[in-house]
Structure formats: C-alpha cells, structure tokens
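When the chains are written out, they are named A, B, C and D in that same order, and each has its own residue count from 1.
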Amino acid sequence: MPPWKALEGARVLDLAQPMRRGMPQSPNHPPFRMTLERRHGDLVRPGGGSAANEIIVTGGHVGTHVDALAHVSQDGLLHGGRPAAEVMTHEGFAELGIDAFEPYVGRCVLLDVAAAHGVAALPPGYEVTVDDLERAAAGLEIRPGDAVLVGTGWSRHWPTGPGAPDVDYTGARGGAPGPGVDAARWLAARRPRVVGGETIAFEHVPPGRGHATLPVHRIMLVESGVNIVETMRLDELLDSGAREFLLVLNPLPIAGATGAPVRPLAVLGPPQSLGPPESASSSESSGSSET
Amino acid sequence: MPPWKALEGARVLDLAQPMRRGMPQSPNHPPFRMTLERRHGDLVRPGGGSAANEIIVTGGHVGTHVDALAHVSQDGLLHGGRPAAEVMTHEGFAELGIDAFEPYVGRCVLLDVAAAHGVAALPPGYEVTVDDLERAAAGLEIRPGDAVLVGTGWSRHWPTGPGAPDVDYTGARGGAPGPGVDAARWLAARRPRVVGGETIAFEHVPPGRGHATLPVHRIMLVESGVNIVETMRLDELLDSGAREFLLVLNPLPIAGATGAPVRPLAVLGPPQSLGPPESASSSESSGSSET
Amino acid sequence: MPPWKALEGARVLDLAQPMRRGMPQSPNHPPFRMTLERRHGDLVRPGGGSAANEIIVTGGHVGTHVDALAHVSQDGLLHGGRPAAEVMTHEGFAELGIDAFEPYVGRCVLLDVAAAHGVAALPPGYEVTVDDLERAAAGLEIRPGDAVLVGTGWSRHWPTGPGAPDVDYTGARGGAPGPGVDAARWLAARRPRVVGGETIAFEHVPPGRGHATLPVHRIMLVESGVNIVETMRLDELLDSGAREFLLVLNPLPIAGATGAPVRPLAVLGPPQSLGPPESASSSESSGSSET
Amino acid sequence: MPPWKALEGARVLDLAQPMRRGMPQSPNHPPFRMTLERRHGDLVRPGGGSAANEIIVTGGHVGTHVDALAHVSQDGLLHGGRPAAEVMTHEGFAELGIDAFEPYVGRCVLLDVAAAHGVAALPPGYEVTVDDLERAAAGLEIRPGDAVLVGTGWSRHWPTGPGAPDVDYTGARGGAPGPGVDAARWLAARRPRVVGGETIAFEHVPPGRGHATLPVHRIMLVESGVNIVETMRLDELLDSGAREFLLVLNPLPIAGATGAPVRPLAVLGPPQSLGPPESASSSESSGSSET
C-alpha cells in the first residue's frame, strides 16, 4: 500500500506554537517580528488585483525549532570532535548546520512525565529524573533512531491572546521543568535520532538561574549527536493519549544555521484505532492498541 | 497498522531549496539574509561550553513557500468575498493568513509537463497549456482535495554554489515556464487543496514582463481558495518517476502572514515498490504500479 | 568670518545615547539589534586585507531620535489638516516624513527644570508644569524658530554597562517626568522649530500608565507642526551650565519614515567664554554671559 | 560671539543621500529596507489619536556613512597595530568602532577634481591622481585635522525616482572614479581627520573589477587612522563654488559597529559672502572671499 493510502484518515496534530510578536522566547536570540510590508490596496494592478506581503525578522531558535548539532560546542569542539573554528564561516556552518539535518519521518515515543505524576503540568523548576522517564516509558519500546519527546505539560501555559497574563514561560524567574543531567544521559543511551519538549530550552532550569548552563544541550548535541526540538506545542498530543506515533520533523533548510523553525506534525492512526475514549489518558493501553 | 509502521522503509524526498543569501527570489520581497550573531568562542561558559546562533531576515514568500489565501485580493476582496480591509491589521491578517492553513498530509499528484514534452526542463517563458496538463495527467486520477504539482524541470536551474553562473531563475529577463490562465482554470476545476511548482511564481511569465500580472494567483487564491506552493525543488522527484505520493506540507505558522517558508516532503513507497527502474520515467506505469 | 573659523575652539557636546542591544526603548517599536556579519579573518584578500561589517535592525523611534510630523495623526488628519490616508504609502509617507525635516543648525534654549527644583533629576512620574517652565526660562529669551529642550535630568539614569541595574527608563512601572498638556501648550505658543528631552517619550508618563495616551505629541506634531527629539543624552549639557547654544539636529534622511535616529550636537562657546566656573550652574548668569 | 549667533544666516547644505529601498549600495552589505509597521488608523486611541511607525533593516555601510577604523584590517591588525581578534566581540568592536569616532565639527576642504577637469562628473573608472589633487587644491590650505572631500561629480548620477534609469552607481560594470594609491598617500600625508567622497567606495574602481581590492581603505583606515565618508551627496556643494566650509559629521553612535549612516552638513557663510555669482565655480576666489 503506498504511503498516501496508508495514511488516509489519519489524524494529524500540529505540534508548533504559532509565531507572533511578543511570544515567549529566549532573550539570547533575536526577537521575532513580522510586519506587513504591502497591504491590499497599496498597489492595485490595472485589473483590480493586489498582493500583500511581509518582512520577518527572527532567530533560528525562536518559536518551535530544531537545534542543529553546530549549535553547541565544548572546549571548542563540535560533535564528533570537529573543531568549531574549522567549519564556522561568516555565512554559517559548512558542516553540522541545520541544513545537514535530514528531515525526520518516523516513529516517535512520547514520555509523558506530567501524566506519570498525575498532573496536567509539572511545576516550574522541576527536574525530570531517570525514575520519571522510566515510569513514563513503562510499556513503551524506545528503538535506536526513534524520536523521543518528554511531556511536561508546560505548553499548556503558552499565552494564547493579547490579553494573556504575563507568563514566565522561559522560566527566567521561577524556573522551568526539564531533564537533568542524569535524565539526559538516560535518553542519550537509547540512541534516539532526536529528543524534544515544550519548554524554551530542553533543560532543567532551576528558579532564578535562567539559561546559564546548558548541560543537556552538551550531552545531546555535542556528546551524542542527537538534535533537540524545543518550544513544542504538545498539549493536544498529551491529551490524545497517544504514546507512539509518526513524527514529521522538517526544519527550514537554512544553509549553515545553528537551528531553524519547524512545524512538527504528529500523525496518529484514525481515531477509532485508539480504543475507547476512556483509555485515552493511559499510555499503556494506547500503546498496546497501536503495536 | 499505525502510521509510523506503515511508513517504515519509505523514501522521503526533500522538496525545499536550501535558503541562503543571494538565492533567487522575487524582487518584491525582502531579501533573505542569515547572519551568525554569536560564534563559538564568543562567550565561553565556565565549563568550556559555547553556543552559536543567528539572526534571520526574510520575507514570507522567499525560498520554498506556501501562499496564504490572504496573499492576493481582487477588487478589494479576498477569497469568499471577504473585504481585505476587514481582516487586515498591523499585526497581520486575522483570517486567511498562513496560520489558517491546516498542515497537509495527503495524496499528491505530479503532472510532469517537462517529461510529457520529452525534455528535462521547459524553456523560459513557456506557457503550460490545458493540453500539456491532460497529457501529463494521463492515467492519473486527480481527486478533490489532492495536492497537484506541475513539473517544469525549472528547479534543475537552481544555482548550487557561489561560483554558479548568473541564472535568470526569476525569469525577469527571459521569462519562466508556468501555467497560463486556461491551465489554471483546468487545475482549479479539479478542486485541489493546493497546487505548486518550481518557479518563483506559479505563473506563466513571458519574457521581459516579470511578475507584472498574476492571473493564476487570482484564480487559485481568490476565486478557488486553493493555496500555492512555489520555488519547490522537484528535480529529484521528477527523476524518481513517482507520479502519486504522500506530500507533507506544513508551512511555518506565522500568525497573520500572507505566506511562509516550508520544507515540503514527498514520501514514496520503498524503492522496490516502484517497479523496474526502466519504467521510472514513465508516468503511466509508475502510476499504475502504485494504485 | 566664515563659519568654520567662527567655531574654532568651540566645545562640542554629543547629545545622543549610544545605540546598543538591550538599551531602553519603547516596547511599541522594533528592538534595536546590531550584529557583525563579517569579522576580520572571515574573508582575507590575497594581499592580507580584511573587512568587517554588520547588519542593523531598528525602529525609527529607537535611541536618540526625531519624530517626523507624520508620526501622529488626530481623527485621521496629520499636521495642517492633511488626511493621513492621502500621503501614506507602503513605502512610507509621501509628505511630512522625516526626510521632510530640514536639518536644524541654530539657536537652542535649554529649560533646566531639574535645576529649577534644585535636583539632579526629577522624580519618576513628575509632571512638568507651566510654572516649572517659566522658572527655568527666567532670563532666557525664546524666539520663534528656536529649538527648546526641557531638562529633567532623566538621562542620568541611562544604563551604562552590561552590569547596570534594571532601570525603569521607559517609566513603564514608575512613570517618567515630562511636560503635561498645559506645559506643552506653553511651549507650542512660543512657536519653536523643535522641542525635546531625555525621556523615551516627551510626555508626562504617570506611574503604571505607560505610553497609553500621548497628548503632548498631538499638541506638538499635529496641532503645532513642531518636531520632537527624544531619548537625548543631556546630562553633560545640564552640568555645563549652558542655557543657550548652537544645536545641530540632522536625523537620517530615511525617505517616508515617521522618525529617524539622530546624533544631535550642542556647540558651546570655548570654555573660557562661559564665565567663572562658579556660575556654571546658574542659568541666568550663563545666559547673560552669552548674549 | 556665541556659536549660535556666529552662524545666524549661514547656508546649510545637506550632504546625505536620502535612504530608500533600492538605492545604490554595495552588494557586500545588507540591503536597506524600511517598512511601515503601524499606519494611521491601525490603532486609534479613544481620543482619536493614532501613531505610525516603521522597522528598518540596514547595514552600517549603507547610504551616506562613515567608516570606522575597525572596518578594515591588514594582516590581522587594525590601526595602531591592534590585533583585530583582541577587540572583536559578538557585540561589536570594543575599540575603534564608529562610537569611538568623535563627532567632527570643523573646517573642511573640497578638492573638486571634476571642476579641475572642466567636467560635471569624472568618467566611470577614472583614477584620481596626485596631479589632479594638486590642481584641485591650488590656492587652498589643507591643515592637519581638517576634513578633505574629493569631488568627482559622481553624486549627480544618483537615481532620484522610481522611474530612474538603471544606473551603475556602484561601478560594478563600468567602474567608478576615485583616488588611486598614490592619491591616497598624498591625502594621508596631509594628516586629515577624515576624507570622503560621492562614490559607494572611496576608491578607484576600474571597470569590471568591483570592490575586489580596497587599497585606499587600507591606507586611510589602517595605516593612517583617517576615517572615510562615502556615498555623499555633493552636487549642490560642488555647484556652490565653496571650497572651504564648516563640516558637521556625526554618524550614529552604534556601539561597536564598523560604520554608521550619517547626515553630514556643510555650513557655508551667508550667500552674500560668496561674492558675485559668476565666481561661484572658481575655488580660488570663493576661498579667498571666505578667509
């Protein structure tokens, strides 16, 4: 059966946060800004037609995005021991940039740590532990080359309107939940293709510390060659109960960039294949129903 | 069978052109520019770690991208008769923006007009006709809601290196191949979800005319509510012989924008399912082998 | 005596704040960002030469800048009753833009309200009154066509280093000192060419209100046709004791923009002409010594 | 006499080209772009007021601008033998950036080489020689610390409207007139504070060569510590006949940048002091009339 037929009736979840001015992002990166340049009526062609367009200023690590391996170095070395200075040019990275990331279309496992704790979202500054991951992974197989997402429920806090309260989404003040060093090593040991989550940085951010040190980035990008997806919108996926699904991850191929925005998609089987709705929040049952 | 399993072993083709400074783009839109802000070594943390990042300036219609319905108006009206002035704000379009485009994961049909003419690429300024489309569509079913791509072979001219010759990819001087008005109406009558191709504008651009009038945009976006994908990289897909496949089309969800960059993917069945290699360039046989 | 000779030995004060990432600015405008694109060593020419350069993103009302008359409208009308819609294009304002501001090289009067109160800087949220202006103007002549600056001492709070404390320079929380409506009318009645000051907005900003309403802008730009200079660095000038001097005000001629950055200069007579140093802080005596 | 009084009635010439999208600039720098973000009517305050503003993207060497000493290095060294690597940070240059340029308000000498040849503008690709400079400087004193401008008449070619013909202002095809190496050394030997002219690069650009090598930049910026002003609008000044005047040169104080836009002003004595109009094109007589 050809792929297009195999996916007929599948349920597609959009895992990207909408990009708009003022959305939460790391203060280390250029703030996102989209401005209409031409509006309808500005230049009307003789036949009555008109086109509108925009200018966009952003960083590569803004909104939902994928970190390239070139994003982080340790002692001057990128992944595989490549000296950063050798591949770094004024036009970007000749190797290990985001354009070197082969689009991922494959199996993804969701470790819902929030659900494992019985909460909608982990508290600010919470460190995800090895035990958390093991509990969330119960009954799930993680294969080398898989994508692995860690659910914290944090994306439920994403501000959704102009009147939204001032949310500390970055965790600058109160911290943000994420894997600690040991959890990162546990993940890396499973040799995934990519890992990711909902927070601005896929890291345990203790209260008041900000993004001062990023050990999980080092472990993943430099030591393990595993890309990271950040600022994902997982709330709907968490609610769906799906724990293994098809992930499409195709960041913009910006030549030489250290990261790029992406609109990841989760493709789930047709709703009926997920079993009765009451089991939707149980990772074991939904997992078994799909394998 | 869950989606992730159904696609195991599938062949994924990247249909986006890499984004880099100086790449061909319409002169009507902000030129693409990516600049590294921090390089490794600029700010080394106490532990020896360092992060690099960038600033990106671009337009929404730059590189491989999807046109939102809000991109074009006719006599002040957008698709469905909505007055543009009513939904146009300084923060973008409240309706019909690219964030209103539901990511597409579904069947795609490729009408390879270049192959129908027995050439690798159509000549500059060539107008794709209804007859061309019918010949290229022979043996292929186009269903309402499908994606339909028109192959011109133009992406074979994309400049691939700094030493690349000065290519008239936009067709400003010599024109660019694309559908004329009748071909556009033929496409629209099949009620596709989206159409697209390799050129900067999905239009017949006669020599010396530039993008002065864009009737195909009007027919698709305004009259028919069909989105357009432009500047696609189809050369590898054309060579593959695949004529129907799974297309993933997930432009960045830039709130209110009239278009957004995208990295479209074609997912083909495993190589062996395409039949003997000698039939790869025949649209009829490869089509039949997949249905 | 030719101008260049007349100014030999003159003292030139730089009235602009340095422009750098993170500097205080209005949240309504694009944040300033300057990033080096090429650094030395990136592209070394055969002879050993190398050039570095940058990309700059900014707003027209960022850093020390001049407001064009086109910046503000009232009931759809710009200064002189011109309908804004008639002169507003997607490439900027055809009239009343900052490029229509003829560079100013002329007499400037400084009304040091802080000194009139015997303080280095007025408190946050302080409303400058007519009485304040009259006291500060004692002994000073204000002629039609002059530039008039109002000293609040606020530029003494400008953050000067990366380790600077978090300053509420915009007054978003605690307010900022500036002229109220009556003081603005008093200024406008003197028919100056331009007025200005140290705060982000030349307005009285009450605590907790931000830049919600900008009546002084309306009075100056729309009703009176008087341009406004904002975010000036006046501390050194205030300390100099000079109350009338030559002001050079030459904002960048950005065609059609509603404002533009500027590096204003105050040109004072040679130090000795200011009279004995002990009178430097007295506006009356320094004023008389120059007239 | 205080400076403001000394300059009463003076004639002020604006020496900057207006900045607009599509204006001539070096292809090595980010293209200038100004876009209105908010227009009048987008956000009308309760009282009927409305503000418009813009976003600006540019390079530091775009439009009329001043080169900082940090702009060019030779064998890794900046002016004074400072290793570029020592002062170059991801936030710009800690030394020798454009913010280190003290605003210039002083004597300026104009060497009108075009007039010396009896032409309105020198031909493309013309190399200004030592002999040219000496002829143009006849009767003029050049003092250490002066500003020295070299008139080529090139700014007469600046495109002035959207319908302007395609001008090779950069000289990419046909070259641009400017000082050769010997002329640069002649200028440097006079120890000016700054030199400048009308072309995109203050260099002799032979036809077909573009800005491949920039020896005059090396001589001025690196070897001599002399800043360069480029892309000046001198046509009106050349026509005025003034050969010595007051120059105000105050580039934006962009911290750490290698250059910045500027709106230079020439301040001439009142028109009557220039003598009879028929002598306006004679540098000797106008010079003597001012001294």
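The rule is short, and it goes like this: contacts are C-beta pairs under 8 Å (C-beta built on N, C-alpha and C of every residue); 3 or more make two chains touch, one makes a residue touch a chain.
Owing to the predicted nature of the structure, the values given are computational and were not obtained by experimental measurement.
Q: Farthest chain from subunit A, going by the mean of C-alpha atoms per chain?
A: Relative to subunit A, the chain with the farthest C-alpha centre is D.
Q: Do the two copies subunit C and subunit D share over half of their interface residue numbers, or under half; same or different?
A: same
Q: Which pair, A-D or A-C, has more C-beta contacts?
A: Taking the two pairs in turn, the one with more contacts turns out to be A-C.
Q: Rounded to a whole Å, what is the gap between the Cα centroids of subunit A and subunit C?
A: Measuring from centre to centre gives 44 Å for this pair.
Q: Using Cα averages as centroids, what's the distance between subunit C and subunit D in whole Å?
A: 25
Q: Just curious, how far off is subunit D from subunit A if you go by their C-alpha centres, in Å?
A: So the centroids are 48 Å from each other.
Q: Which residues belonging to subunit A are in contact with no fewer than two other chains?
A: In subunit A, 30, 33, 35-39, 55, 57, 90 touch at least two other chains.
Q: With touch defined as at the start, can you tell me which subunit B residues reach subunit A in the complex?
A: For subunit B paired with subunit A, touching residues are 1-8, 10, 12, 14, 16-21, 28-30, 34-41, 45, 47-61, 63, 70-76, 78, 84-85, 88, 90-93, 99, 102-103, 105-108, 212-215, 217-218, 244-248, 250-259, 261-265, 267-269, 273, 290-291.
Q: Help me check something: in the complex, which residues belonging to subunit B touch subunit C?
A: 33, 35-37, 55, 57
Q: Along subunit C, where are the residues that touch subunit A in the complex?
A: Per the stated touch rule, the residues are 30-31, 33, 37-39, 42-43, 57, 89-90.
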